[in-house]
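Each chain carries a letter (A, B, C and D) given by its place in the written order, and its residues are counted from 1.
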Amino acid sequence: MVAEKLRIGIAGLGRMGKRHAINFHELTARANVVAASTPDPNERKWATEALEGIEIFDDYDEMLEKANLQAVVVASITAVHAEQTLKAIKRGLHVICEKPISIDIEVAQSVVTAYEESLKTHPKQKVMCAFSRRFDESYREAHNRVQNGEFGSPVFFRSQTADLYDSSDFFAEYAKTSGGIFVDCSIHDIDLMLWFLGEDRRIKSLQAVGVCAVHPGLVASNDRDNAIATVEFEGEKIAALYCSRMMAAGQEDTSEIICEWGSVRVNMQVRKNHVEYHDSQGVRRELPQHYYERFREAFITEASEFTACCLDDTPPPISLQSSVKAVSIGQALQRSLISGEKIFFD
Amino acid sequence: MVAEKLRIGIAGLGRMGKRHAINFHELTARANVVAASTPDPNERKWATEALEGIEIFDDYDEMLEKANLQAVVVASITAVHAEQTLKAIKRGLHVICEKPISIDIEVAQSVVTAYEESLKTHPKQKVMCAFSRRFDESYREAHNRVQNGEFGSPVFFRSQTADLYDSSDFFAEYAKTSGGIFVDCSIHDIDLMLWFLGEDRRIKSLQAVGVCAVHPGLVASNDRDNAIATVEFEGEKIAALYCSRMMAAGQEDTSEIICEWGSVRVNMQVRKNHVEYHDSQGVRRELPQHYYERFREAFITEASEFTACCLDDTPPPISLQSSVKAVSIGQALQRSLISGEKIFFD
Amino acid sequence: MVAEKLRIGIAGLGRMGKRHAINFHELTARANVVAASTPDPNERKWATEALEGIEIFDDYDEMLEKANLQAVVVASITAVHAEQTLKAIKRGLHVICEKPISIDIEVAQSVVTAYEESLKTHPKQKVMCAFSRRFDESYREAHNRVQNGEFGSPVFFRSQTADLYDSSDFFAEYAKTSGGIFVDCSIHDIDLMLWFLGEDRRIKSLQAVGVCAVHPGLVASNDRDNAIATVEFEGEKIAALYCSRMMAAGQEDTSEIICEWGSVRVNMQVRKNHVEYHDSQGVRRELPQHYYERFREAFITEASEFTACCLDDTPPPISLQSSVKAVSIGQALQRSLISGEKIFFD
Amino acid sequence: MVAEKLRIGIAGLGRMGKRHAINFHELTARANVVAASTPDPNERKWATEALEGIEIFDDYDEMLEKANLQAVVVASITAVHAEQTLKAIKRGLHVICEKPISIDIEVAQSVVTAYEESLKTHPKQKVMCAFSRRFDESYREAHNRVQNGEFGSPVFFRSQTADLYDSSDFFAEYAKTSGGIFVDCSIHDIDLMLWFLGEDRRIKSLQAVGVCAVHPGLVASNDRDNAIATVEFEGEKIAALYCSRMMAAGQEDTSEIICEWGSVRVNMQVRKNHVEYHDSQGVRRELPQHYYERFREAFITEASEFTACCLDDTPPPISLQSSVKAVSIGQALQRSLISGEKIFFD
């Protein structure tokens, strides 16, 4: 039934904002994008063509004021995620915010607090951070199987986010504000780590090391292009992470959950589709070239499920507090990466 | 841009009709389902709930008469495909018809003729048969690569449609009207064979053999549950087909295009998703359980591209004549399967 | 225990003869190559260097006469397989003969008869044809599983032998005496077909079609470079074969045994070793380049087991009669390939 | 040519000693096992049956004294590896010693020194430690490709040794003398790490964490059953290791070498053979159950190449100093594992 449609406003129409806009507007049966706001005139021009009949604003506050919204997608630059989310929370609107809410943990935590307060007066309000990988069909099946206890308790979680090499200077520039490779690249792996090992599980220690192998310019920003980390949890659980911006073949995001009497692997045979080529070089398959190519379906599912939880008043698929915890772990790993010190938590 | 939406009526709301209705209505940006017709009251009840605000008819003719349609999806029982398609053609409507148009080749050919006639007065009219596999991302990439000549000229095409075993009596009953396993199961492989080897390429000979291994009841309907065929084409090209209704693990639809200096394989490592399980039995992956689970995305793409060709007046993605040829080959294979004779074409 | 070693003579030291000589001499604990015969002086020179201390003859009869042999490996040219085998049989020697015994079925059958006669006076004599693929670890495990009934009765057997393309004129020349692609390439698939479906199972019909895609010179020898066949057995079983001399990536020998409630696949993910390369082309694995690279271990096992059956008086691993049957099926397929006619057996 | 055969004595006929004895005696063309020594009467009994005609001793010194040896295989318990190797070195014999030479680094280093001294008087003497994985065809091909610079300089090395879970109390007992999981399990990964990243490359830091998930008894021996480590090298290179004694499906030893513009993966699709099973659980392949099943061929190659380097006076395939370095890294990781501290090297 497509009786009621959630009225959504999109804040920010950059690369991810455009994708969210299309996914909610065209591919989410129960949602309508009714407004969008962006300070960028090119993005507004795109919206007039691509999102028929919606209201377009150059100012986020004005959109909140004038458009008749039930929910907001915050897909603007990271620097304003927290502020825009807070403003929407105050108006009682549902919010799905691109990750991270903030790279300043205190600010991020203040958003969680504001949401908890708001729930007292708007008990049906939904606020979540867009950790798309939790909506991927394969990760979900893996999580269900592990949760069902089919393989015993998870012991070791290993995961990586490895991006295709980008020969442009983009990363060196981007690294200045990204929060570093563990906050930027590994944040999904950290989120999955919490999802599989326990969102409330206490960390005993963590450490990271890394190198600048192909992007020497990253050193100036206290960043690296390949890095590895280990995390030690209470309750006899460990995790290992790898992040890279140097892959030759494509996006190689893999995860392994090794449990007491079995294990589950996601995407270990990374592939773009069902095709293999046999030629004089051997047998070859191709890879997705970027994150969105690998996880497009997960983003569509995310849009659909966020919409459903708002309309049906069911719990948000991801806890906001857990999303803040993921960022704080990413930051601790980044500190260890740069200082070389192992960090212990008492 | 979602300015104009194609106004679509759905004929038949059985399993495939429901899927088409949802895909066109909810997941096709440029289409609106505005009406549906079905003689089945349960299907009409489903439509009132699932397809908000559309007009619902118990009679196809009445829908054509009263609903303001631009296009019709014919998803009713095979026996009325041709008749319903013809009626829509006469009104100048666009039509996408589930395969096969008819299992009577003369009837099927008469639909092609009617469409060709109609084009004289409705030059922008689009009529096509829904061969979903041509819209699958993997098959498309395979076809592009072969067409580009990357591996030389195709020499041998091998393909199979192998369905999960169904322990119910469904098949024995279904076989009475299905046209037989080569018309029912293999029709997509035959369509792909024509797509890869040439829709106009002449067949020199074909033959088939088969068995009833798990569905002995099929013998009474002159059908088999496992069958293999070879097809010999002019121009030094050959093809082998396998069809089965006995798979234990799931839907195993695979294709290979072996060319002069390389080959392309589609789905040889059949898998449902990106997950592997390691347990005391070894390493295991799961399979899609039925055709739609494997090809759901292709159906959505089909809906989107059919809609686009109607609105933008571009050529239909599949030639109607080729679809009739596929059925005629399927029928010849079925005759050979039952008679045991090899069939030669002069 | 390596107490007694089987004294072996090798007839013929061409490519396969050399391999057999090394395998029996160096890698078979219970065998000693004590003599070899070949009319080729270069091969004799090789033997003096590679096979320390053995007796070397230019004449097969002289070797049988003078060397103190218990067993003979017949690895000479196909034209003398039968004659050399017969001579060894008459002396009561064990024989392992390269396939085929003869491409003349009557001749081949006469060898079987001679062996059966000889057994009356030499009940411990072992004569077998070297069908190496039956000694491959993977095929054996597949056969064991199917024999154990784990997947129910086999229904459909599909197998292929597909060789790397050879751009030299070798094939056109070789084809003049090889017996044709079904006798030469497919003989192992046919042997496996009998092994899996039943060596005594009666064939109802068979047929083949093929093309000359890359070796046009083969037409003159009534041969083809790509061919496909179907075989229909009594007891509701069918088989499909493919043979090719046109592979771009390497040796692609695969088999599938599809049973009532499961199936077994051998080598569907053809690969040379455990390595994969990720580069800008995607993920790539390499293939064995020829038959021996794929099946080297099977040849060593064959040598060891043939030796053991001779020394321990256990049954030969492969029935001689079955090997003759394989050749006769290959020839019937070749006849059908050239005539285009389907062949029925009453 | 098999003219001269290396006369070998085996010290120790436990599980590995038996394998070495058979490999050198039956499967190495240029070697003869002429003697063996072991204090264990059952092992001596085995030798009289399995190794025809060799001299058997209950005392290693007596074997060195009386048997006419050119080379010794030291396969006894780890506690006597160094002593037995030293004695053979003093006699000018070639030695291949099972790893580790000693778990006491000073002792191990003294063997290296003794060998270097001995070379002054026996310049053709060969002494090496048996790191079998370097003889595996797949690792070799991976190493060749990386050495050739095909993928640029290696940046990140990741490797794991993961053994099948053993429900017996073996590990708890074994752990008391094994040196710990990083010395016992990971030693091959450490050796490969040095092989791929540079045997002379300086380590900047390392650290490890681990858990006792299924073998709680290991805690008493300061050991763990799952552990992960990171190693930081000079020259912008990093490594991550995982070792486990908890695998459900079999032996899962995998390695990845990620280089600047490509990467090489060894055994990421762990499999026992070329067979796949399709049944109601999905598609399944099986795994080798233990280290030897995976690496049997490598052990045979090792025997052959060690023999060749002794007979032909070519350099030993592995540097003895590098083997000692591997043990010292394993011990440092084990210390970090137990103390929790990161270890920095200036």
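The criterion applied here is as follows: contacts are C-beta pairs under 8 Å (C-beta built on N, C-alpha and C of every residue); 3 or more make two chains touch, one makes a residue touch a chain.
Note that this is a predicted model, so its numbers are computed, not measured.
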Work out the mean Cα position per chain and let me know which chain is farthest from chain A. C
Pair exhibiting more inter-chain C-beta contacts, B-D or B-C: B-C
Expressed in whole Å, how far the mean CA point of chain B lies from that of chain C is 43
Taking the mean of the CA coordinates per chain, how far is chain B from chain D in Å? 57
Two-or-more-chain contact residues of chain B, please, as numbers and ranges. 151, 247-249, 261-263, 268-269, 278-280
Given the complex with chain B, which residues does chain C contribute to the contact? 151, 153, 155-156, 158, 165, 205, 207-214, 226-230, 232, 236-238, 240, 242, 244, 246-249, 258, 260-263, 268-269, 340-342, 344
Can you tell me which positions in chain B touch chain A when the two form their complex? 1-3, 25-27, 29, 49-52, 137-138, 141-142, 145, 151, 261-269, 273-280
State the interface residues of chain B toward chain D in the complex, per the touch definition above. 247-250, 252, 270-272, 278-287
